[in-house]
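In what follows, chain A forms one complex with chain B and a second complex with chain C.
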Partner chain A sequence: MTRPTHPPRPDEDRREFSEEAASLWRITFAPVVWAGHFVLCYGIVSLACIRGLMPIAATRAGLVAISVAALVAIGWLGWRSFRQWDTAPDRAANVGETEGRHAFLGHAAFLLSIISAIGVVFVTLPLLLIGDCR
Partner chain B sequence: MTDRANDAIPEPAGPYPPTEAMLSEPVDPDVAEAQARRLRKAWETPKGFRYITAVNNTEVGRWYASTALVFMLLAGIMALLIRLQLAVPENDLISADRFNQLFTMHGSAMMFLFAVPMFEAISILLLPAFLGARDLPFPRLSAYGYWCFLIGGIFVLGSILFDAAPRAGWFMYPPLATEDEGPGSDIWLLGLSFIEVASIAAAVELIVGALKCRPPGMRVNVMPLYAWYVLVVGGMILFAFPPLIAGDFLFELQRSFDWPFFDPDRGGDPMLWQHLFWIFGHPEVYIIFLPSIAVAAMIVPTVARRPIVGYSWIVLSAVGTGFLSFGLWVHHMFTTGLPSISLGFFSAASEAVVIPTGIQLFAFLVTLLAGKARMTLPMLWVAGALAIFTMGGLTGVMLALAPFNFQAHDSYFVVAHLHYTLFGGMIFPIIGGIYYFFPFIQKKMLSERLGRGAFWLIFTGFNVTFLPMHLAGLWGMPRRIFVYPTGYGWDLPNLISSCGAFVIAAGFAVFVFDVFRPKRNQPQIPRNPWDGGTLEWSHDVPEENWGVRSIPYVTTRYPLWQQPKLVERMDAGRFYLPDAEEQTRETLVTSVIDARPTHITRVTGPAWITIVAAIFTGGAFILPTFHWYAPAIASGVLAIAAIIYWLWTATARPPARPAKHAGLGLTLPTYASGPDSVGWWAVWITMLGDATAFASLVFGFFFYWTVQPDFPPDGALHANAGLLALAVAGLGAGWAATLGARKLNRAARRGAAMAALAAGIAVSAIGIAAMLGAVWALEPATHVYPAILWALAVWFVAHSGVGIIMQGYCLAGILFRKVTPDYDADLWNVSLYWHFLILTVVVTGAVMGLAPGVL
Partner chain C sequence: MRGCDGTLWPSLPCSRFLLSSSALLALSSCGGRQSALSPAGEDAAAIGTLFWVTLAIAVVLFIAMNALFVFAIRTRTFTLDPETARWILVLGGIVLPTVVVGGLLVWGLSLLPDQRQPGDGLRVRVVAEQWWWRVEYFPEGAEEPIVSANEIRFPAGQRTELVLGSDDVIHSLWIPALGGKMDMFPGRETFISLRPTEPGIYRGQCAEFCGASHAWMAFEAVVMEPDAFDAWLAAEAEDAAEPVEGAAARGRDLFLAEGCGACHAIRGTDAIGQVGPDLTHVGSRESLGAGRLGVTLDDFATWIAHTDDLKPEVEMPAYDHLTDAELADLAAYLGGLE
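Moving on, here comes the complex of A and B:
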């Protein structure tokens, strides 16, 4: 567990452990990245193959780049939530305490970023394996 | 202008969290007795014919569940007729037309009248008990939803008695369904849209319940897993049902007014319906599956006598499944000729969803292995569920592969697969849940012997019926044929399936007999017959209607196991809200994450108005089926009037006292507005669903543009740009006026606030007129382009109209002092509606005005 390098600041704990209403949303960020990636892949391939707006080869390359970007974003979210989970003091013991809830939200977000990363990889496979619009 | 701090609404005051010393202090028995008497009086269920005005979650939940069960049995009888017809080749028992009605209604009823409502029923019944709450935050909304469901269900199912039932298959594909003569398709569209209203009402109720009505101390990481599933499923309903509602809207416009949304001759495309239907239809499968598996998640720890293993893993799997299930819809459309890369995306997502689904099953298995599991009757059903669902899941993995799917599409293999997932994922866990929760629901036990008999009959019958269908399908037998020739090898599997179906029916007969047989002579049951650890087993035997005697302070996942003396302190009235001084119904509202008590909210009681509102709402949906538009409009107006009366008389009234004692030294405010209040959350959630429906319409516009080389067609008439701009400006001004009125009212400038609202009504009305003017010259029946512009305009006008009604409601509220500078929840809720409305307005303006120029 890493220790902060600065002296305690006023309200530091309070802010860290306060309601965290945002962190209930935060557990959905990684799946939202997956969903956004999925919609982009589906929409852009339709524009390329059905509307015929751009060539499919370039589209595939562009979408693979988007997949990499999505994976980086999920990786970053996953790392942050891993830290939130792993650095929470005594994470197993006190589910009823603020720390327990803080760690739980980190753990859930971390697991969701793993599943989202797998999802992005799966959805990228057709881009790599299928060459054209047929 | 910033909002003045609201001095009239005090902050919560007093010690929190309670100390052990406070909790161990005894309650004076005389005081407790007097409190109990007042509570009992406040939560009394109406007697005699007034019983139907009850809104308590236990009553509404029981009606809901029983009605859904009856609809299920009726749909099951349809299945038996189908199996009778298919028992032998070249059978002439049932005509082709009747057969089409039977399979359409069997599927539609099982999905819309049983599976989804059953989730709502069970959640309404159980969620407050899991959370130690008195009731859900909006009991009348639950009751309204129930009456809508009952009316709509009877209407849709009854049509088969008049030989007028829908007959184009449960997914109503155009052009078959759009061209179908007779009212069948309209009955499906309007009747089920009406029931979808009930589903969304339940979703709102349950999400707010799980987020805001937990007992003090029950943080998100402590709440029962069922509540997590409710959150996920509620969220899914908000994103899955609205696309179907949008699809129904377009479909009905085509049926009624011949606007060609799905007619290729005039630029339409039947594929749009398939997309909208399956964007709903696939998540729907998980909307059915997740809550049922959630029931299993409540049974498994009790059976294993230990806490669930991998709580956060199960949360992961619920949330993950919820998301991934939206990436599967095209796997119902693999044979429609989409580009193979696109098929690949959906195939990949369909395989990915197996991971979270598998994780939750493994978490159950590990819990059972790690504990001391007993094969109790509920567990027997759960075990059957796991076995059958796993088999359905495996064929699902096969069907998710596009090349295999090309072969098996529309064959009996699919029929076998979907019944394995739905029986394993829904029927078995739900029946297990009924055996498990029956002592809680009815304060009686079901028979162990009959239960085991029913299980083996249904389990055996199920496999005898559906296992051979895999083979029949692989041997080429298509779905939905009413007769088949002999000599293809289909005779024997069909005969076996038909025999099996009657074994299932026998099992259900035993189960239903057990549920409904009189149990008057049964001795009083123990309070916690299964030794469960969650709060519902603190229920009162014999029954009390108050939910809980006092609302406990909960810090563990299995409070009955892990918090000694909890139940005895709850019973003594040691915890929160032990009293009903004014003999009104109240419950505690807590914060979203950590469940700190924030305020006490008034909960509505028995009323006729919900029934009246449901009847007129039903009229508004049902009468257009017969093209009786004038009575339908009248009925719609009366429904709105009834709902306004209901809101005006019973919601967000200024309280008599700004704060009151909640017990344990805590004083809480009795009123909240804005994001603190449950009503604001309900509006937020409803509007999220509404925005999804609107997004589906906009998707339709761009879908046409993508698939058609000439959309908009050359030389097409566009919406009048000037009037369109005026419409957007008018509604923009209406939005600003609403927001201004809220701030003026908070600043105690009542007159100015009322003037702002009146001005807002005027400019919004001008905006509506301008919008109608903008599309007036377009002829929607000629081509899909003017039709979709008209559809967007209709949506715009309807929503703006509701916005005006809300402005008027607030204006009257200020005038008659229902809304005061301090008690202004209505204004906050209406402003929130207007935020969503202005978004709709701007997007509509952009799509109608700008897109044709840009594209």
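Moving on, here comes the complex of A and C:
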């Protein structure tokens, strides 16, 4: 990063960080989707199986659809953060160089979407393989 | 049959198994009576295979990781270019673990429905108590159960349904040689089914900490040839044998006089208590006090006089005021209830 050569302006920080503030939100997005999916699956299956509020077959189909939606959301975010990392001007060009803030936030969000997608798939597997309340 | 044939403390089932913390000892003692590694049923065999394959993968990975480590710090004489290094990280660090863990997960999950299949006719309802088991047999079509306790018998080669519940806290039923475990909740019914294949006497154990005597909450799981099982079940359905004279008759009078019948039921007598295990055929069981002791007459006397030494906080009072002669009479009566 180069040092600014002009005297500080009042909203300079806000401008410089506005994009990064969005990245900070983005970095939490995939794990939040994973967590929300987890809670939904466990909560709704309990309501269907223990409380008997709705039939398990329909519940299962609905939750599988929710899983697909969660994967699409995570996939979209993963792609965006991959772009942010891949095209960042401050991306580390060589081994041993430090990554800039912008590239780092994209990189971290990208890796988090990978692990979140794996998490969502693993949580969905029982829905696919167990089939009913037993 | 019972215990590990230890002579020092013969009535303590599997004491070596319980006391030893060494895996090797655990493997070699008890001949697998309570071991998931020597399966005696279809369900345990499936879990056993999953275990061995998981172990093999873990061993291979462990050795490979260490070999790579040695290679990287000792023998490597070249520098990887960043692109290769990145692919090694992506494939070895993300793809491989995800595929391996995902594959094991799919395999493991696909076993679960098998262990909940409907049975071939016999249904057994097991209700856990601190620290023993109510056991009720419903042969195909039966409305009224055949009541027993502290022992579950299975016909070999058939799938038996187990309907599980609890009267107090959470327990868990586990017969490692026959299958996976299942929790037992107060106010809720859970279900597993087991298909034992090898006749024999195995050991089950409560697998969820449930209080002071949790470790002493075990039972014998007896797998019998179907014909022998049917004969046994028919006998189990009968009322208790009535002793005519001698020690057993004195024991019966003592049983009623001491108020044992307030807690225990012996069908065909005035004893109809429901607090403790049904004793109608206690003499034909393979253990006493939920796997705590054997079933010699001495074991009966020891149990009646020393319940709280044998099982801390147990609900049955110790009848240590009874004389040895009286204990022997009670033992003769109960031991004769086959």
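The rule we apply is simple: the second predicted complex is superposed on the first by the 106 of 134 C-alpha atoms of A that agree within 3 Å, B and C clash if a C-alpha of one lies under 4 Å from a C-alpha of the other, contacts with A are read in each partner's own complex, and residues count from 1 in each chain.
The working rule: a residue touches a chain if its C-beta (ideal position, glycine included) is under 8 Å from a C-beta of that chain, and two chains touch if they have at least 3 such contacts.
Just so it is clear, the structure is predicted and the values come from calculations on it, not from any experiment.
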Which superposed partner A:71 touches (first chain B, second chain C, both, neither) = neither
Would you check which partner chain A:23 touches, where first means chain B only, second means chain C only, and both and neither mean what they say?
-> first
Given the touch rule stated above, what does A:118 touch, chain B (first), chain C (second), both, or neither?
-> both
Figure out whether A:129 sits in contact with chain B (first) or chain C (second), or with both, or with neither.
-> both
In the superposed arrangement, which partner chain does A:33 touch: chain B (first), chain C (second), both, or neither?
-> neither
Looking at chain A, does chain B or chain C touch a larger number of its residues?
-> B
For chain A, which residues lie in the overlap of the chain B contacts and the chain C contacts?
-> 50, 95, 118, 122, 125-126, 129-130, 134
Tell me, which parts of chain A touch chain B in their complex?
-> 19-21, 23-24, 27-28, 31-32, 34-35, 38, 41-42, 45-47, 49-51, 56, 60, 95-98, 100-101, 104-105, 107-108, 111-112, 115-116, 118-119, 122-123, 125-127, 129-130, 133-134
List of chain B residues in touch with chain A within their complex | 217, 219-222, 311-313, 315-316, 319-320, 323-324, 326-327, 339-345, 347-349, 351-352, 355-356, 555-557, 591-594, 705-707
Considering the complex alone, what residue numbers of chain C touch chain A?
-> 82, 85, 94, 98, 101-102, 105-106, 109-110, 112-113, 116, 188, 191
Within the complex, which stretch of chain A touches chain C?
-> 50, 94-95, 114, 118, 121-122, 125-126, 129-131, 134
